[in-house]
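Below are structures written as C-alpha cells.
Two complexes are shown next, each including chain A; its partner changes from chain B in the first to chain C in the second.
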Partner chain A sequence: MRLRFKSICCAMLLLLFASLTTGCWNRIELNEVAITSATGIDWDGNSWIVSYQVVIPAAISSVMGGSGGSGPKSPIIVYSTKGKTIRDAIMHSYSESPRKLFFAHNRVVVIGEKALQHGVNELIDVYFRNSSTRETVSVLATPGTARRILEQFMQLQAISGAGMKEIILSEMKNTSILPNIPVYQLAMEVTGDAKSAVVPEIFVSGTEDTSSLDSFGSTSIPSKLKLGRLAVLKDDKMIGWMSRKESLGASYLRDSVKQSFVVVPCEDDKGKKGYDTIQILKSSTKVIPKLKSNQLTFTAEVDVTGSLLESTCSQDLYKPGIIQLLEQGGQLQVSALLQEAWKRGQQLNTDIFGAAEKTHRKYPKQWKTWSKNWDQVFKQAPLETKVKFRMARMGLSNKSFDYLMEKREK
Partner chain B sequence: MLIDKTSSKPGKQTTSSGQDKQPEQVLLTDMDINIERLHRFLGGGEDVVCRTLQHRSFDNTRYAILYIDGIVEGTTINTLLLSLLDDANNSYTNEKSSEGAGLYHHLTEQSIAIGKLSEVSTIEQAGYSILEGSTVLVVDGSLRAIVMDTTGGKTRAVEEPSSQTVIRGPKSGFTENLRTNTSLIRRIIKSPDIRFDYKMIGRQTRTNVAVVYLEGIAEQEIVNEVHRRLDKIDIDGVLESGYVEEFIQDRAFTPFPLLQNTERPDAASAALLEGQVVVMVSGTPFVLIAPVTFAKFFQSSEDYYQRYDIATFLRIIRMASFFISMLLPSLYIAITTFHQEMLPTSLLISLAAQREGIPFPALLEAFLMEITFEILREAGVRMPRIIGPAISIVGALVLGQAAVQAGIISAAMVIVVSFTAIASFVIPAVNMGIAARLIRFVLMILAGTFGLFGIMSGLMILLAHLCGLRSFGKPYMMPFSPFVPSNLKDVLIRVPWWAMRKRPLNISNDSNVVREGAGQKPSPDQEGA
Partner chain C sequence: MKPAISTLQTVALIQSAVTPTLVLAVPSVMVTIAHHDAWISGVIATIAGMIMALGIALICRANKGQLFLEWMESSFGRPIGVGIGLFIGIYYFNSFCVIVRTFADFISDIVLDSTPLFMLTAIMVVVAAFTVMQGIEAIARSSFLVLILIMLIVPISVFVLYTDIDFKRLIPLFDTSPVRLAIASFPPIGLLSEVAVLLLINPYMKKPASVVKAGLLGTFLGSSQLVLVILLSLTIFGQQLVPFMSYAFVNVMSIVEVGEFLERIEIFTVSVWVLTMYIKLAVFLFAAVHCIFHSLRLRSERHTVIGLSLLAIVTSASEWPQDMESTFMTTLVNMPVLLITNILLPILIALGLLVTRRKRKQQGGMRKP
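And then the complex of A and B:
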C-alpha cells in the first residue's frame, strides 16, 4: 500500500516536472501581439508588398474616452514589407515590429489593382494553408495601391479596417449592389466551373488623404473611403470593372439581393412625370438553363416583393390598376438590370453568374463538350427574364401627397 | 444519561475510552471511603461540591450528593436539596427497617425531585456521570449510588444560524448543547419512528454523539454503517463534528465534502425525512448528514420554502456560480494568452488596451489577485470585528484601485477576480465553495500552461474523480451517474411539492418511498369537492 502510494506520488511528480519543462510553449500575452485589422496586398512588378494596419490598443482606449496621454494619438499604424512571396513579406515584418503580427482579427484584405491583375491564387493559398488567418476575411479591390486605402481614417470608426468590413456588410444588407466576398467564397468562385469571380471595389473619394487625425477637427473630412464598382476576375486575374448598375444586375442574377430598391418612372393622368421609389424587401432568383435545338438559353426567374417608399406622381393608389402599373414598371426595371449585367458579363467573357454550375448540373453529359469552350458557349447564350414583381405595401399613406393636394384644389 | 441503563438500548453503547484498563472499583458500604475515592477519581477540583446530609427517620444515616458546580443546572440542584432537606426532617415511623438500603429505597421512590434517575455501582460510573453534569447521591451503607440528571448550566440560547441564513424559513439554529439540539429535532418531527442512538467518542473529552434517523425511512444498512464507522473512531478528543467527519468519510483524499453539515434544524429534519442519517456531536451546532450527493450542496433549505419556480431559478444561479467560481479566472487566462482569436474584436482590443504596460503574464497576474483576495477573505474571517473597516478600505482602495492605476494589474483582471470571489460565496455549502476555490488554482495553472486544452483535461479528470466518489456507499453524482431520472425532480430544478410524491430513490429505504398522497395539484375543480 505504502509502496503503491509512493510510486503514484513519484509518477505524479514526474508528470508535473514534464509539464513544467514545456513551459507555456505557445503562450502569447495580449501585449505581445500586434492586432492586425486590415491587410493590403500590392504587386510592384516582381515582388509582393504586404501592408498591415495594426491597432494600437492604448491609443484606442484614449480615443474611446479612457484616460489618455497628451493630445490625440493615432489608433492605428500602417507599415509594409516586401518579399518574393506573401509569407516571405510577412516574415520580414519580424525584423521591424516589436510585436508579432496577429491575423485572427483581420477584417478585410484589400488588393491593389496590379496585384489583382497579377493573380490572387497565391493569396488564397496563404489563407487556406495557415490556421492563424481566417477565411471569413472580406476581400476588397482598389484601383490604386492597397496601402493608401489602409492609411485612411474613417468617420465614426477608429479602426478603419473594421469600418470597411462594416460598410460592405451594411451595404450588402441594405442595397445589395456589391456582394461581401469572403476569402473562401473567392476561392470557391475562382475554382468553380466558370473560373470567374467578383471582388467589390473600395476607393478614396477625394484627392486628399485623410491620414491625419487633424482632419477630424472639422465637420467634414477631405476624403472618404467609398465602395464603388465591382472587379471581375477570370482565372484568378482581374480583367475589368462592372459599373454599379451592372453590379446590381449581377447581384440579382447571383441571387444575393437581400434588400434593394428600384426607381420606377411614372406618369399621372395629366401627363406629369415623376418617380416612384420601391424598396425591394424580398427577392429570389433562379437561373435555369435550357437546351432548345442545340442552342443553350438561360431563363432568369426573379420573384420580387417590394414596398413603396416614395412617390412623386399624383396617383390614386387605391386603384388596383395603378398598382399593376407600378408592378410593371418595377418588372421592366429589374429585367433591364439583368440584361445589362448579362451583356456586360458576356462582353468581359466571364460567367460570374454561376451559369456554368447550373448547366453542369442540368446537362452533365453535354457539359463535357461545353466545358472545353465554355466561354464561347456562354457568350452566345441569350438570357430570358421572367420577373414577378409584387407590391406588398404602399406605406402608411395610400394616396400620394400630390394627389391629395390636387383634390383639395378642386 | 449515558449510563442510564433503563432508557438506552443495550449494545448500542460504547465507551470508547481504551484508557481504563485497571479493574473497576466497586462502591463500598462505607460512604466516606466512597466519597474519598470519588474525589480522587475526579481529581479533587475546587468545583467538586460534596454536600453531606443526615436523615432523621433512618437512624441519622448519612448520605451525600456530589456534583461539579457550573455544569449542573443551579435551580435543579436547589430543588433537589430542598426536597432532600424537607424529607430528612420528616419522620417516617413505619420505615425504620434497616438504615442504608432502606434509606436508599426511600430516597429513590419518595423524596428526590428529579425526573431522570439511574443507579450505578462503581466509582468510575459514578465519577463519569458527575463529569457529565449529573449529581450522584451516595448513601452510607448502600452498595449502589443514585445518579440524578441535573445537566445544565449556562449554554448559548437558540439563535438564528449565522452561517446558513435564509430570507424565508425558521430562524432557529442548533446550539452547542446536544440535548437542546435533539429537542429542536423532536419539536419538528414528532414521529414515534425517530431514533436517537447515543455514543461516546473521545478518550478525554468523552463527547456525546447522537445518530438520528427515522426507522423505516432510512436504509438500515446505512444506519448500521454509520454506527460501525463511528464505533471505530479512537481519538482523545472530539471538539467539533469535523473531527468525526474526517474519520467516517468514504475517501480521505478529495477536495469535495462527502458529508453535508448544517446548523439548521429544519435542514436536518428535511434530511431525516428523505431517509438520510444525521450525526449530532455535542459541543457544536453543526450536525453531519449522510449519505449525500454532489447536488445536495447546491440546495438551500429555502428552496423548499420559496415557490418552486423561484427556487429553480435560484438553484440554476447557484450552479452557474459554482462553475464561474471554479472556471472564470482559468478561462480568462486561457483565452487571453492562447486563444485570442476566440474573442470578439472590440473586446480583444479593449482587453489589450488594459493590458498595455502590465508587467506580468496573465497567469501570474491572476495568481497575485486571487491570492490577495484569499488573504483578504481570510483576514475578514479571523480579524477582530473592530478592525473590519480598516481591512475593507485597504483591500478595496489600496489593492484594487491603486493596483490598477499603478499599472500592475489590469482592470479586467480585477473584474474577473471580484466576480469569481462573489460567485464563490453564492454556494450555500461553505465546504463546497472552498473545494471550488482549491480546484480553481489547479485549473489556472493548467490554463496557463496548456490553454483550453489544459482546462478541458483538468475538467475530465475532475469529472472522473467525482463519478468515482461515494458517500456511505452511495454514488456521489447520483441522479446523473448512475442516472436516476425520477431523482432529477429535485436537483437542477425543483418541481412543486405536489409533484414530488416520492423520496429520492436509492438514498433511503426503497421499499417505502411514497411521501404524499396523489392528485394534490391545485385546480379549480377541487374547490367544490
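And then the complex of A and C:
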C-alpha cells in the first residue's frame, strides 16, 4: 500500500515537472494578437510615424465572396502611431489597439521618402534586435507617405501587404528590373565597402482613392499599387532615384537578372522598321576591375541567352545573318543599359554595383588607399562592356508573320 | 566502478561538451577581430584544440583505470590529490553556473522572453541534475543520440542555405594581420580546452586505450562546427554585419525562405542546439559533483547533486545582473580560468607524473619480491 502511494506520488511529481520544464510562463491567444501584414515608416521631421496594416481574419472570407455578414467588410485596418524612436511609436499602439501587434507575419515594410532621407539605420537595428520581427521582410520605398500605400486595396489579393510582396517577387523573377530587398540585404549593402544600397519603389498609380471596398464593384479600379523606380541610398540615407531603364542596367551589373526582356529595333530589306522582343532566359555578369596605368577601370562581361518572343519585321529567321543581327541588336541594347546605369551611379556618386567589393578582393593592398576616397575613385572609373548575346530559341514560328504576308502578296 | 561508455559515446560527449558554447557567441567575437579571415582563426583554433586533446589523451593513458581523484591521490599523495580535486570541482561548478546563465539568456532572447530568469535557470539545473543522477552512461547515451541529430541537421542546413552562400565574401584571403588572426583564435582555443574533461571521463570508458581517438575526433567535430558557423555567417552576411549579431548561427538560419511554406526553420536548429547544451550542462555538473564528492569523501552522491544544484540555481540567476556580463564572462573573462584549469593544470599533472614515475617504479620494484 505504502509502495503504491509512493509510486503514485512519483508519477504525479514527474507529470508536474514535465509541464514545468517547458518553461512556458504566459499564453497569448490568437484572438489577442493583431497580425500585421505590412508596416509603414514615415518621418515628419521630428518623430517617426509607424503605420500598421492589421489583418481582420473574420472579414477576409466576406471580401473573397464568402457568406455571412452584411456585405463585404474590409479585411484590413490601418492605423498609425508616433514616437521619438520606432519602438517608442510601436509602444504607443497599446494605447489605441485592444490587441498586441504581432509582426511574425509581416511581409513588407514600406518606407516614405522623407524617412528614407532621414536614414534607415534605426529600422535595421529594430529588425535585428527583436526576435518578433523578421529580417526577411521586403523593403519598399514610396515617394509619398507609407501610410497611403498601406491603405490602398489591391486586386486579386485581399491583404495588400502580402500582395506587395508577391508583386516584387514576381517582378524580380520575370523582368528583373527591380530587386527584392529583404531587411538583411539592405543592412549588408548599407554596411558594405561602398556603403550604398537600393530599395524598389512602390506608388499609387491613378488619381482616385481605392481605400474603400466600393471601388471593387466595377471591373476596373481607379487606382492601384504599382512598382516604379529604384531608390538609391548612400550611408543609409536616400540620395535619389534611378529610372526603370537604369534600374535594369543596375540589375545586370549586380548580376541579379533572372529573366528579363529587350526590345530590339529591326529593319527589313525594304527599310520598313519594326521591333523584335527578346526574352532573356539566362544572364550572368562579371564586373572585373583592372588597373591600367594607375587608373582603375571596370569591364562588365555579360553572358546573355535569349529567346524571340515577338517580331514585327519581315524576316526569315532561318537565315544565319538574321540571327546575328538579332544578337548584335541585343548586345547593343544590353550594353547601352549597362552604360546608362553606370553613368547614373557615378552621377549620384554612389556605387550600387558592388564595384567596391570586387576592387577590394582583387587589389587588397591598393584598397587601403582607395577605400578612404572610394566615391572619387569610382566616379572616375570608366566601364567597358563586353556583351555575349546568344539567341537560343526562335519560338514556335521560324518566320515572322509579316514575312509570310509579304510572300503571299508577291 | 564499472566501465560503461563506448568510444563513440565518448566522442559524442566531448563534442557536446565543447560545441554549444563554442558556436553561440564566439563566431561574432571572432569576426569582429579577424573580419572575413575569422574562419582561418577557426582553423588555427581547431589545430590548437587537437593538440590539446592529444595532450590530455596522452595524460589519460597513464591512468590505469582509477577514478581521476584516486589516481591523483595515489600519484601525488592525499593533500595534493584533494587540492586538485577541489580546484577542478570549483572550476566545473563555476563553469556550470556561467553556462546555465548563458543558456538562460539565449533562451530568453530567442523564445521565452516572458519567463523569469530564475525560472529558466531552475528548469535547466533541474534537468541537468536529473540527468546526472542517472549516471555518466545515461549522459553518454543521450549525447550519442544528439550527435546523430547534428549529423542530420548540419547537411540539411547547408543545403537550404546553398543559394544564399557566396564564397567570394571570403576573398581576399589573409587580408587580416597575423596578430589579429592569432587574437581571434584565443576565445575558441579557451573553450576547446574544455576537452580536459576527458581526464574525468576516461576511467569510465570501456576501451581506455582509444582515448586518443575519442579526444581527437570529439574536438574535431566540435571545432569543425565552429568553422562551419563562421563560414556560413561570413558567406551569407559578410564581415560587416556578423559582428552586429549576438547569435550568428540563429540569424543564418532565420533567413531561409523556400517559397511560402518553409520559413522560420531556425527553431529546428535551435532545438538541436538546446539538446547539445543540456548534454554540456550534464557533463559539467557531473564533473563538479564527481570532484567535490570524491575530494571531500562525502557519503551520498545524490545529496551532493541536490546541494550543488540549489547553489547553482541561485548563483546563475543572481550573480550577473545583466545578460551582457555573462556573455562577457563566457567569451573573455573566463579565458584565463579556462587556460589555467584546462591547460596549465594538466601540464603540471603531466610533469608531476613524469617526476614521480621513477619513484613509483622504485616502489613497485621494492614491492615485487
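In the analysis below, the second predicted complex is superposed on the first by the 385 of 410 C-alpha atoms of A that agree within 3 Å, B and C clash if a C-alpha of one lies under 4 Å from a C-alpha of the other, contacts with A are read in each partner's own complex, and residues count from 1 in each chain.
Keep this in mind: a residue touches a chain if its C-beta (ideal position, glycine included) is under 8 Å from a C-beta of that chain, and two chains touch if they have at least 3 such contacts.
Keep in mind the model is a prediction, meaning the values are calculated, not measured.
When the two structures are aligned on the shared chain, A:Ala300 is found in touch with neither chain B nor chain C.
Within the superposed three-chain model, A:Leu30 lies in touch with chain B and out of touch with chain C [touch as defined at top]. Once the two complexes are laid over each other on the shared chain, residue contacts for A:Phe102 go to chain B alone; chain C is not touched. By the document's definition of touching, neither partner reaches A:Ile177: not chain B, not chain C. Of the two partner chains placed by superposition, only chain B is touched by A:Val55; chain C is not.
Once the two complexes are laid over each other on the shared chain, residue contacts for A:Met188 go to chain C alone; chain B is not touched.
Once the two complexes are laid over each other on the shared chain, residue contacts for A:Ile278 go to neither chain B nor chain C.
In the three-chain superposition model, chain A touches both chain B and chain C at residues 23-24, 26, 104, 134. Those residues of chain C whose C-beta lies close enough to touch chain A in the complex are 107, 109-116, 119-120, 123, 126-127, 168, 171-172, 175, 237-238, 240-241, 244-245, 251, 254-255, 257, 263-264. Of all residues in chain B, those touching chain A in their complex are 336-338, 340-341, 345-346, 348-358, 361-363, 448-451. Partner chain B is touched in their complex by these residues of chain A: 19, 22-24, 26-31, 33, 35, 37, 55, 57-58, 60-61, 64, 66, 102, 104-105, 107, 132, 134, 159, 162. By the touch criterion stated above, chain A contacts chain C in their complex at residues 17, 20-21, 23-26, 104, 128, 131, 134-136, 182, 184, 187-188, 191-192, 357, 360-362, 364.
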